[in-house]
Amino acid sequence: MSHTVATAEFEGPLALLLELVERQKLEVTDISIAAITTGYLQHVRTLDSQSPEQLSEFLQLGARLLYVKSLALLPKEAGQEQAEELHQLNLELEEYRRYQQAARELGRLSSRSSWQRQAVSRLEPHELPLPDISLARLAEAFQIAIRRAEPTRPQGILRAHISQESIMKSLRRRLSHGAFELHALLDGAKDRLEIVVTFLAVLELIKLAELRVVQSGQFGAITMEPAHG
Amino acid sequence: MANSSTINVLEALLFVANEPLTAGRLAQLTEQDLAEVEPALMQLEAKLANSGLQLVCHNGEYRLVTAPAATEAVRRYLQAETRSDLSKPALETLAIIAYRGPLTRTRLDDIRGVASDTMLRNLLARGLITEQGTATEPGKPTLYAVSHTFLNHFGLASLKELPPLEETV
Amino acid sequence: MANSSTINVLEALLFVANEPLTAGRLAQLTEQDLAEVEPALMQLEAKLANSGLQLVCHNGEYRLVTAPAATEAVRRYLQAETRSDLSKPALETLAIIAYRGPLTRTRLDDIRGVASDTMLRNLLARGLITEQGTATEPGKPTLYAVSHTFLNHFGLASLKELPPLEETV
């Protein structure tokens, strides 16, 4: 099976996942999750890393797929969670698919348009009352507008807040099963960027006092555990 | 049956208005009861059904625009570029806001699986969406909805004319 | 009998146009022969006879205007629009045009982060701004600047006399 899909086609991870699922004519089930995860990660590897924000969004879904896939390797009680995760993933994918379909329909409407009247009706100039505003208010309004406009410039690297948020989400899920080791968290990481985003998520959880990091002596294994347990 | 002169005055007002007008405002301007203006607006809409104009109703606001059947000629007049300029992600975002809106950025991000802030800023600047109040949840996040400009862009008279969303399987 | 779709397209063109149009220009825009457009214009005039709009022809140029019966209500609308206080967004738009103008709508949208279409129409209707030529960039977009009325109202000889701004923080 070929995974050479033009990258630019996919504006987001869900679009890519949907394409892979539809190509295999499968639902995301425990049987297909392994194949789909492999296909997905193979594709993500070909992504242009020039756009770290975009990449991190692809990686977070990759991390989620790996997590769901890994649940199959864990003892029985994880089975229930895997079923739930898969169900959730299917729901999200199905919702996304419907809107993608709707977007295509909308695109088809683009050949037709309506326009409002271009001419502006107004009273004769001598009938126009003038507004009661001062120059000071005008100057103030301008300064407020300009100040507001400044911070809307494109943001720096790695401000993809939702990617971090959702890695935090999956960390929380893991924490709910108890402690785990750092290397287990990073083993699935495919490159520096994913590691960076994961560390950011860990730091955030520490800050929120949801997670504690414990090291059993110098060079010992680093363990993550729930801070409130 | 509304008075035909009321219908005509409504048509004239909507012609000169520099903004979409609510039925309430139209009632004020025509010095009629709202109970008269609302059916009159429906009759105006029906009357315009086979004409070069179309009455758009969105969010309780009315506006007169050209009929979609005249798209080609009007485009020629305005020398407007063909509207192939909405990207796939932009259409996807608009579709979600049109069917699901008003909704928050977080909800939008969840559905799309990507951060939508740049896209939202872009669509706001193009006037295709507007901020429509805030959600009641903590932090009172801004709600986004599609605008009159959105309807015009696709020649729709109201959101009811959107193709139906596929049923969930 | 002219095709009803031709009549409708003519109506849409005359509605949208911001200048009177000759039959020749309308023929070009509808891609019809002048021999078809002229009777269609007459039929449009007849069709509009009992409506809020009317077709007027002056010096061989056609335009749509509101019907005389609606004059009262239309006046009420325009007066209310110009008498009411400037809204915050309108004031902001005016301020940006005063300090940064002449500028295009796109540039204005960029600064404000939202589409400024309605605000521009509102300020044009109030006579506070005017269209001042077109920019040299592709598409030759209209440039907006404050009007003489604006300068007179504030007693300014030129825009150089606007209050200086604090340094940007």
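For this structure, a couple of remarks:
So that you can tell them apart, the chains are marked A, B and C in the order they are listed, and the count of residues begins at 1 in each.
Note that in this section contacts are C-beta pairs under 8 Å (C-beta built on N, C-alpha and C of every residue); 3 or more make two chains touch, one makes a residue touch a chain.
Note that this is a predicted model, so its numbers are computed, not measured.
Counted by C-beta pairs in contact, the busier of A-C and A-B is A-B.
Taking the mean of all protein Cα atoms as the centre, the chain whose own Cα mean lies nearest is B.
Of all chains, A has its CA centroid at the greatest distance from the CA centroid of subunit B. Mean C-alpha position of subunit B lies 20 Å from that of subunit C.
Computed from the mean C-alpha positions, the centre of subunit A lies at a distance of 43 Å from the centre of subunit C.
Subunit A and subunit B have centres, each the mean of its CA atoms, that are 30 Å apart.
Across the assembly, subunit A contributes 115-118, 120-121, 152 as residues in contact with two or more other chains. For subunit C, the set of residues touching two or more other chains reads 15-17, 74, 78, 110, 113, 121, 124-125. The part of subunit A that touches subunit B in the complex is made up of residues 11-14, 53-54, 57, 61, 92, 94-96, 98-107, 109-118, 120-121, 152, 154, 160-163.
In the complex of the two chains, the subunit C residues touching subunit A come out as 15-19, 74-75, 78-79, 82-83, 85-86, 88, 91-92, 94-96, 98-99, 110-113, 121, 124-128, 149, 153-154, 162-163, 165-166, 168-169.
Here subunit C touches subunit B in the complex through residues 4-5, 7-13, 15-17, 29-31, 47, 50-53, 64, 66-67, 69-70, 73-74, 76-78, 80-81, 109-110, 113-115, 117-118, 121-122, 124-125, 139, going by the rule given at the top. Those residues of subunit A that touch subunit C in the shared complex are 115-123, 125, 127-133, 135-139, 141-150, 152.
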